[in-house]
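Presented sequentially are two complexes of chain A, the first with chain B as partner and the second with chain C.
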Partner chain A sequence: MIELFKQKKSLQFILLLVIFYLLNHFIVPAESNILWRLPPLLKWFPLYINDSIGYLMFEWWPVEVYDPDIEEFEQKPLVSQFTRIISGFILFQIEFIREIMLGGAKTIVTFSSWDWATANPWARMPGLPWTVIAGGATILGYALAGRGLALLVGFSMTYISVFGQWEPAMQTLSFVLVAAPVSVFIGLILGIWAFRSKTVEAVLNPLLNMAQIIPHFSYLIPVMVFFGIGDHAGAIATVIFATPPMVRLTLLGLKKLGPEVAESGMMSGCTNWQLLTNVLVPTARRDILIGVNQVIMQCLAMVVLASLIGAKGLGIDLLIALNRLDIGKATEIGICIVLIAIVLDRMSLAWANKQTDYFSSLSFIEKHKYSLVFAALFMIALGLAYVGQFIFPEGFNYLYIVPHNKGMSIAIYLQSGVDWIWDTYFFALKVFNEWLILSVLLPVKAAYLGMPVIATFTLFMGIGFIVGGLRVALTVGALLLFIALTQWWDRALITAYLMSVSVLVSGIIGITVGTLCAQNARSTRFILTYCDTFQTFPSFIYLIPVMMLFGITDTAVVIAIIVYASIPALRYTVEGLLSVPETLQDAGTMSGVNRVQRWLTIELPMSFPHIALGLNQTVVFALSMVIIGAMIGTDDLGQLILGSLSDRNGVGNGLILGICVACIGLAIDQILRTWANQRKQALGLN
Partner chain B sequence: MSTQNATSPSDEPVIRCDSVYKIFGDNAESMLKKANGVVDAAKFQAAGCIVGVNNASFDIHAGELLIIMGLSGSGKSTLLRCISRLTDATAGKIFIEGEDILKMNNKQLIELRRNKMGMVFQNFALLPHKTVLENIAFPLQVKGVSTQESVKKAKEMVDLVGLTGREDYFPRQLSGGQQQRVGIARSLVIEPDIWFLDEPFSALDPLIRKEMQDEFLRLQSVLHKTILFVTHDFDEALRLADRIAIMKDGIIEQLDTPANIVLNPATEYVRKFTEEVPREKVLKIESVMDAFDPLESMSDLTVPHNVVIETVAEVILNSSKPVTVVDDAGQAVGAITAAKIVHVLFGSHSTKGSENAS
Partner chain C sequence: MKFRNTLIAAGASAILLSATGVAKAADSTKPIVIPIHNWSSQVVMAHVIGGIFESMGNNVEYVPADSQAVYESIRNGDVTISHEVWQSSFGGSFYNAMAKGGLIDAGTHSAATLEEMGVPTWVIDQNLCPGLPNWEALKDCKDVFTTVDSDGKGRWLEGPQSWHGTLMEERIAALGLGDDYMVKYAGGASSLWAELAAAKKEGRATIIFNWTPNFTDAEGFTFIEFPEYTAGCRVADGGEGSCGSPKGWLKKAASYKFPKSHPAAYTAYSKISFSTGQIGSMAALVDTDGLDHKDAAAKWLADNEATWTAWTK
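Right, the complex of A and B next:
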């Protein structure tokens, strides 16, 4: 009997559920009951963090600094001086790029003064006509991947300009153009370092895991404290968020090379430095460039959030439009962000996949044809901008720049479309909305909140134990314990409820739709393109349509999460099914399986480890969306994090709340990953 | 087990291995110290250590081609990597031209590789972002040779391996055989004295492999390098080698000339390899001939001493009298009869060949 129990995992799960149910039933819900809720023993921790950071920033290690305003030396704390230098450095770069594209006087002011700049207006940066940038980007697109990409780029840039979003779009771009290279550089160095030293890799790994799962909001608060508010702060927060994937992919690319490449370099007599720069990094080029692509995508995902700490550009406009419930305007701006994201994504991928194909016998013109075309374009565009002065004698020179919000707009039509949907489907939407909230969401929420802390621990640690033994159970327990000891356990339960409802639906959608689409080549290609495209959308964008349909409700949040989180579930299902080896399929066919049998007995079991990793990603996606959902009003951890953004002493709270969210994600990650790895081993995959 | 010295008496060996051990695992060194030189692979494995090379000792002399033959996991590549110091041996001494390379620091090692060593890899290991010419010139460039000079040298190498006209191709535009020609050219561009080849032809199709082996023999007949060649293909070893070291579980089972290995396998393991070998294709006349007896009545025909039996078998079998075996100078050094040939071809495996192999 005991032997049977040891072998049958299903029996163990049943027993676990029975215990869980009994605990749920018999524990008395009372504040004093330690089995119901743990006391908030970590309440002091956020305050302690606030104090430490305050001390670090404003008191620790004072240094003598010359202040040109009062022409005297002053005592200033080291750290704040240091962060000020970094801020100034980054801000200068952003302003510089911005002024190349839009014109302005700040660059010159940096080297002189406002008075001088006002007195000498000729020194002002003139800014390029939009046609130069749009045309240049189109030529670059053509050089990278031919006509298709050139068309996409040209269309996108024209759209942005014609719709009067040129100025904020260029502001956004200037900020991405600084944040992305910095992230790439740091990521490359850390990745190489981790490749060379096992210790560094061991230290970086958990940090990277953590960094990718802590919600974006949480980064904003400490950055705000250390670096203040503005474009540079946004850029720094973006760098922190965008670097981890670069480290990951650099490390992955270098590890994938296999020993022979390094050995061939060593036997050629390379020094360590030559080995790295001449052999390893160029050979791992493709993965490293995919890392660059990831960095750019992360930067765009941060565009809206960075605007919360003062980054200028499309993000802040979108935020304002959403707050005013101006769906038309929000959609217009949203399309701009999406277009920029898709363009940058396609361009960087084209760069990654482009093989340098040079044959030494090219003529000068052939070698430099793109530069020559650009030079010609530059002259023509300047001429057009000059001519434009006469075509549009009054008002704006549209051939130079289309001023913000002075272009075409379809916002009114979009708005009336939204209104029409509301008028026509009001009843249906309302019924669905109310049904979902009253019969599904609220009961589930109540069930989560009615769960005694001991029951939650038993359930998760129990699953951990059954899946991966004592080590996993203890890890999961420790992660949950951290949350339970803060004063936000209930809020965490709400986050968990929103996440698990959405993950469940996303998982079902992902697996069924994914399976159906994997049936033939065309639908497979379609669904993978769908995933590629929608994955490049910054998560914030998903809020626009759901707010349009469901207003400010939990329904809107849940639907946004489901749409967003089903992307990885879909992708991993399709990829998992496609990765089932041909020979196994043939073996199945020769055994005479029918379609359903094949799916149930061959494809699904073989691809399930991969799908489980997809579910893991689904959880990560869902968590990040739950937190962003705070923007349209939830009452979970995300809302508190958003709140601490505007709190003077929000650092400690924000950080601890962020770590709580990360703990939820990591606990689930721990269980799913252990299980997937075990299955993989059992099936002889890898 | 037999670790005989090279037969030709020559001065200092180019490569000398003295009780080399390579054991993978955290506590390999302390385990090895305790074992006192007697390593039992099973015991070490139980302790979490894997034995790669177990007490290897041998010499390689200038211009000699030694082949290390073994199946996968036998430690043959590990031994090669110990000698090129791509991995550090756990114990033992390895001398290259009298210098202990295990005592060399990184700088000396780089110097050694830049001037004396070349290596060819199983999967070519070409740099995908460089052209054929750039790949070949790479060892010269890292050494700091001027571009003009290195391009000139690289071009010579391109001609040598027969890739003329493809200098500007990228590795991915070449077939496997061509890629390995680039690998060979790259390893030779610094004009090394010592040439390492790690299963250079294993990733190629059988036909291409044969072609590359011929190419390799042609190169060696011109270049006369000291060569350490690793393969899992016994036929390849027999075809190319001056001497063969057969490895199993990290131990060198036998190290001898191809003829002696075929005629006198030292262990049961070696015998299994030799059983299926068509002797007439491996053995040279000199390894089966009888002593020359001037009194005997001989056929008018002569055969050279250093050809494989197959090429002259018909002549000998058609002759009713013994055939004279002559050396390069035309001097009679032995005699061979049709009966002897028949015995070699169809005789039992217990054939005792004469011991006067060179």
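Right, the complex of A and C next:
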């Protein structure tokens, strides 16, 4: 009997559920009952963190700095002086790229001074006409991948220009062009390092999760104090958010390689460095490129939030449009963001896939034909821009730049589309909404809030124990304990409720739709483009129609989370199914499995590492939407994080609240990852 | 490079100063940093004030920022001003930054503002809750204001907690409406507008937090008349909490560096005072006439030259 119990995990789970139910039933809900809620012993902690960070930001190790503007010496803390140097360096790069495209004074000021630049108004970087950039990008697209990419790039750039979003779009692009390569580079380095050392991997994993989960509002004020407000602060926050998937996918790609790859490299006499750069990384290219795709998507997904800490460009315009409920305009801007994301992604992909042709001998003209075409285009476009000054009557030179918001607009059509949806579906949706709230969401919420703390711990630590033994159980317990000892346990339960409902739906959607779409090449391409689109299409835009249709309710929050959180579940399912070797499929077919059997016995198990990573990311994405949910209106941790912005002790509160959100994610990650690793071992995938 | 140059420049100007013996320096050429938030009047006013500074020969830079977090940046000198400090939404952040040091109060606009719970005017026109806008009418019509998730109570849709904490919950309790009404916190201003638009389409009554002057004035919005505000009547100030909002102020904040680095611009800034009508006309240029924010500012500056040139002298 006991032996059987030890063998059968399902029996262990049943026992756990019974205990959980009994605890739920018999514990008396009373504030004084320690089994019901733990006392907030850590209540002092946010205040302590607040004071420590305040000390670090404003007092620790003061140095005398002369401020020429106010002609006084000021006491400045050393740390912030150091971080400001980093800021200046990043800002210079962003401004430099921006001024190549749009013109301006900042680059020249860096090498002279504001006094000099003000006295010499001619000393400005001239911006390039939009035709040069659009044409140049199109030629680059053609050179990289032929006509299809050229068309996509040409169309996208023209759309951005014609719709009068050129200036903000280039501002956004300039900061993405700095943030994305930095993220890819850091991600690659960290991924390789984690591949070489188990310790690094173990340390890195929770940090990556935290970087992705902790809402940016938690550290908005420290970032603004340390780095100053501006594009650089936006870029730094973006890098923090965009690097983790790159690290993960680099690691995943390298780990999947068989030993024979490395051995063949060693046999050809590679040094360590050559082995890495010429053998391992190129072979793991498929996953690393998904990483690059993810970096670009995450960078563009951050455009709106980055505008809260000073990043210029499309983000703030979008927020202004939304605050006037101008969904049409906001959608136009959102499309610009998506187009930039897709163009960057496809171009970087084409560039990485391009093989150098070592053997052909080409003449000078053949070798440089694209540069020559660009040079010709450059001259023609410059000429046109010059002529353009004289032909347009209103004083705008459309051949140089279409001024902001003076291009075409389809905003009213988009707006009437939204109105149509409202008029057509509102009452049907209202019935659904009421049902969902009354029969599903409110009961689930009540159940979560009605859980005694001892029951929650038993359940999660029990699952941890069954899945991964004592170590996992203790880790999970420690993470939960941290939340339970703050005064925000109830708020965390609400966050957990919103997250688990959304993750459940997202996971089901992701795996089923992902599987269906992976069946043929066209639907695969479609679903991946859908993923790219909705990962970068700012969630704020559909928040408004969702709020109008479903009210300021949890339904709206859950829908907003699902739209975003089902993306990794979809993407990783598709990628996982595609990575199943064809030989295995053939072997299956020869042994006579039918389609469903093949899916169940070959494809799903083989793609399990990918799908598990996808589910893991679904949890991460769902938790990272907590703050967006708070912007609709919730009463969970997110709302308190928003509230901490105006709070006197806000910095400490915000950070600890953010860490509470992260702890939920880390606990789930711990369980999911252990389970995935076991499955992998069982299948011989490691 | 930059640092060395500024040092040289500082040294040069020091020599110049000692040579000529002029005590007061002119405005620095470094840009005055003006924040951009997400509502029309604020953005247009940013460009209007920027235009005024530019007319005085200053360099100006605009930077998008979160409207709560910006006060910390002002205090540190990264952002120079904040020209629309609404009492109830940003008062908390404003006074926190002032208490920590580095932020100064650069005066108050003449605009009379009110930030209060209210209903769209058509709710009163259709007499959905007889007796409104007097608050006592609420006692008898909670049913009009219930929503699916409000547990049978009428719902007040309040702004996010970062605006005034639990003020409205305290008010509901103090007015004896606790059994009939509950407070739901919206995530931000756009949630309030979405609710306003949805309620109108549906023909459903709703109570939301709102303020004036605002673009919603054009559609018609009526504030509920609560017992009058008296000093100290709020729970936070030791009172019972059974009072409405005070007539609000709209302040201007500046960084401590501003008067020192740009004395002339600061003097002008401290004189700037917009009235309700002027703020409304700035917002209307964008919201009603469909101008771009920068064009609206340029037009406003051109139309009201007499008003603002007086401030620069």
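Just so we're on the same page, the second predicted complex is superposed on the first by the 479 of 686 C-alpha atoms of A that agree within 3 Å, B and C clash if a C-alpha of one lies under 4 Å from a C-alpha of the other, contacts with A are read in each partner's own complex, and residues count from 1 in each chain.
We adopt the following convention: a contact is a pair of C-beta atoms (placed from the backbone, for glycine too) under 8 Å apart; a residue touches a chain by one contact, two chains touch by 3 or more.
All values reported here derive from a predicted model rather than from experimental measurement.
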| item | value |
| --- | --- |
| Which of chain B and chain C A:Gly514 touches, first, second, both or neither | neither |
| First, second, both or neither for A:Ser268, with chain B first and chain C second | first |
| Which superposed partner A:Pro452 touches (first chain B, second chain C, both, neither) | neither |
| First (chain B), second (chain C), both or neither touched by A:Asn278 | first |
| Touched partner set for A:Gly652, first chain B, second chain C, both or neither | neither |
| First, second, both or neither for A:Gly291, with chain B first and chain C second | neither |
| Which superposed partner A:Pro609 touches (first chain B, second chain C, both, neither) | neither |
| More chain A residues in contact [chain B versus chain C] | C |
| Which superposed partner A:Glu72 touches (first chain B, second chain C, both, neither) | second |
| Touched partner set for A:Gly88, first chain B, second chain C, both or neither | second |
| On chain A, the residue positions that both chain B and chain C contact, one per complex | none |
| Residue numbers on chain A that touch chain B, as the complex places them | 258, 260-261, 263-264, 266-272, 274, 278-279, 282-283, 285, 355-357, 359-360 |
| Contact footprint of chain A on chain B as seen in their complex | 81, 84, 86, 106, 110-111, 113-115, 117-119, 121-123, 125-129, 138-139, 142-143, 168, 170, 172, 183, 186-187, 190, 196 |
| Complex interface listing, chain A residues touching chain C | 66-72, 88, 109-115, 117-118, 220-221, 224-225, 228-230, 307-312, 315-316, 319-320, 322-325, 404-406, 422, 426, 433-434, 437-438, 441-442, 540, 543-544, 547-549, 551-554, 629-635, 639-640, 642-648, 650 |
| Touching residues on chain C, where the partner in the complex is chain A | 1-2, 5-7, 9-10, 13, 25, 28-31, 33, 36, 38-40, 43, 59, 62-66, 68-70, 72-73, 76, 78-79, 90, 92-93, 96, 99, 147-149, 157, 160-163, 165, 184-191, 193-195, 197-198, 201-202, 215, 257, 260-261, 287, 292-294 |
